[in-house]
Amino acid sequence: MNQQMFDKGMSLRRDMFGADLADKTWASADDFNRPLEELVNSYCFGEIWARPGLDRKTRSMLTLSMLTGLNRPNQIRAHVRGAIANGVSKEEIKELFLQAAIYCGVPAAVDSFRIAREVFQEMGI
Amino acid sequence: MNQQMFDKGMSLRRDMFGADLADKTWASADDFNRPLEELVNSYCFGEIWARPGLDRKTRSMLTLSMLTGLNRPNQIRAHVRGAIANGVSKEEIKELFLQAAIYCGVPAAVDSFRIAREVFQEMGI
Amino acid sequence: MNQQMFDKGMSLRRDMFGADLADKTWASADDFNRPLEELVNSYCFGEIWARPGLDRKTRSMLTLSMLTGLNRPNQIRAHVRGAIANGVSKEEIKELFLQAAIYCGVPAAVDSFRIAREVFQEMGI
Amino acid sequence: MNQQMFDKGMSLRRDMFGADLADKTWASADDFNRPLEELVNSYCFGEIWARPGLDRKTRSMLTLSMLTGLNRPNQIRAHVRGAIANGVSKEEIKELFLQAAIYCGVPAAVDSFRIAREVFQEMGI
Amino acid sequence: MNQQMFDKGMSLRRDMFGADLADKTWASADDFNRPLEELVNSYCFGEIWARPGLDRKTRSMLTLSMLTGLNRPNQIRAHVRGAIANGVSKEEIKELFLQAAIYCGVPAAVDSFRIAREVFQEMGI
Amino acid sequence: MNQQMFDKGMSLRRDMFGADLADKTWASADDFNRPLEELVNSYCFGEIWARPGLDRKTRSMLTLSMLTGLNRPNQIRAHVRGAIANGVSKEEIKELFLQAAIYCGVPAAVDSFRIAREVFQEMGI
């Protein structure tokens, strides 16, 4: 594991999902899932998310698009929150999921809209 | 079918995929697939792509993200071309597909990179 | 939005999922998800479901087949109910999901059978 | 392997895909893929397709719906042909794939329409 | 249904998921889902799992790999338990899901790791 | 990019897919896809494939299982070859794809069997 990448990724994760949640997730990792958490921090966030070629806001929108196509509700939930933290507006999330109604099908859009509404309610926005 | 939406969608399709190809696709439609082409023009392009909430460039990037997650090589090929027409740079397509390596898996990224390279070669860019 | 298509779709949705649920879903829509609900009513139900080329019963069976392939449990739950309303028998749903065991794999069939059993129990049939 | 089921399945396959193709597929099986061909004949066709609960025409439509959701172009090609043999009309296949545009997304419908058109051309219908 | 295959499959299922659960699942089957349970016992477990060409431990690992790719959380939960019964170690499950992070994408790995941790906790291992 | 991981991954890739192909792939990378090739070498092969917790043969079998579930024919083709290089026998590949017939569905198994047969023919085995 590359410590510099890990730190860069950890910092980004704290910005996006909240320092409390990011720290708790890492602290509660055990021998079983610690390699995954290291991989997510150093590779996914440190290597890719931190690349300069696209800003975080755009990466959040791409990620929500992929996750809707991939049908991953738990990650959609987390990344709706991350998208808001990265400056994506509710209006833009709405447009993104309408676009998904065409490309991923109506059921995919229905699921993503429902999850986003629940997250907005939890966040009070 | 709503003629106004159809015309708006047709115009957008001509911008994105070239007037020749768009016109030829529509002209060659027969009784079997004409309802689909109408749907794609009026609903997909006229109703959704033409919404003001996101610009075309962003919609192209979201679409490529979804298509990579959905594993649809023919549409990826068409929409790489459409993305370039909508102002997405090669650099941005590269970043988008690297992001896909994380979320959709390495095989999805490998397939999308290969298709994009072939399209760039055809376009001479 | 085309009001005639919207009304036709809304009427169909009330038949399939119950007037109470259909009305409540529409009434509770807010600025965020109202465009989706309009799209579902006018495009999905008004334009496609209402086409004369296939009866509702057949469309319900096709829809359950697609949803099983697509792995969308929430929509399978709703459309098992809709299928019963459209005249699909429990026997036919059983055959459909056995066919899915071959084509979509055993896990897909297991998930769809379990959801259908829960719906039948809720409906008392 | 159950010989009775195998024979029942083989007979059904010959009806759907043509006796020549079905016989050639079986004759060309080697030690590597013979267990698969046995499985397909006895289990897929002999056990499930031959069940009395749904007629062949309906099973063909369900199968095309699942395959469109699952994104399996080679099998869609074969089963468009099988559907015609089982009495599904071109009109019904059109409606089925329009329904798929909603549930599986527009790219899935576009792919299935294109494959069906190619098959119809090959068959001269 | 082939009784010999059914019995062989039932015996294997009892070994993998516990005799209590396997017996209860079969006893609670009704007219609706009994054909599925017969199919799972005789075909899935009796015909395929019982083939001599691969040992149970390897089949468990392949199954968890497929289920992670297919995005089937309920079956992942059951087969993590089955894998432990078939001699797969926690270390090996960890490696398998790290491999999935590459091929199926990070969200697939995150989901499978979380499910496995919950199962290990339930099992007290 | 970590040079040590890159070298380790490159070496592994040469073993699995042939030195000629691995070297040619890397040499032909341009500014567009070089970051992907670096990622595949250093992360996918250097970090994960090279982990001691599972041998290469097992990793090849897991990978083919995932790719069959994910529906990625190009990668299945490459990894059938890689599996043979890693000591997986034709018999084991057959069993793996029969297992996939249950879990991923018959069409997935049919596609994987066909691809594997073509690879074996190319390799003269």
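Here the chain labels run A, B, C, D, E and F in written order, and each chain numbers its own residues starting at 1.
What we mean here is this: a contact is a pair of C-beta atoms (placed from the backbone, for glycine too) under 8 Å apart; a residue touches a chain by one contact, two chains touch by 3 or more.
None of the values given here were measured: they were computed from a predicted structure.
Any chain touching chain D that also touches chain E appears here: A, B, C, F. For A-B, the matching interface among the pairs E-F, C-F or B-D, defined by over half of the contact pairs being the same residue numbers, is E-F. Distance between chain A and chain C, defined via averaged C-alpha coordinates, is recorded as 30 Å. Within chain E, residues 39, 43-44, 67, 70-71, 94, 98, 101-108 each touch two or more of the remaining chains. Looking at the complex, you find that chain B touches chain E at residues 102-108. Residues 43-44, 48-49, 51, 53-54, 58-59, 61-63, 65-70, 91-92, 94-96, 98-104 of chain F are the ones touching chain E in the complex.
Taken together, the chain E residues at the contact with chain C in this complex read 30, 32-33, 35-36, 39-40, 44, 67, 70-72, 74-75. Those residues of chain B that touch chain F in the shared complex are 71, 90, 94, 97-98, 101, 105-111, 113-114, 116-117, 120.
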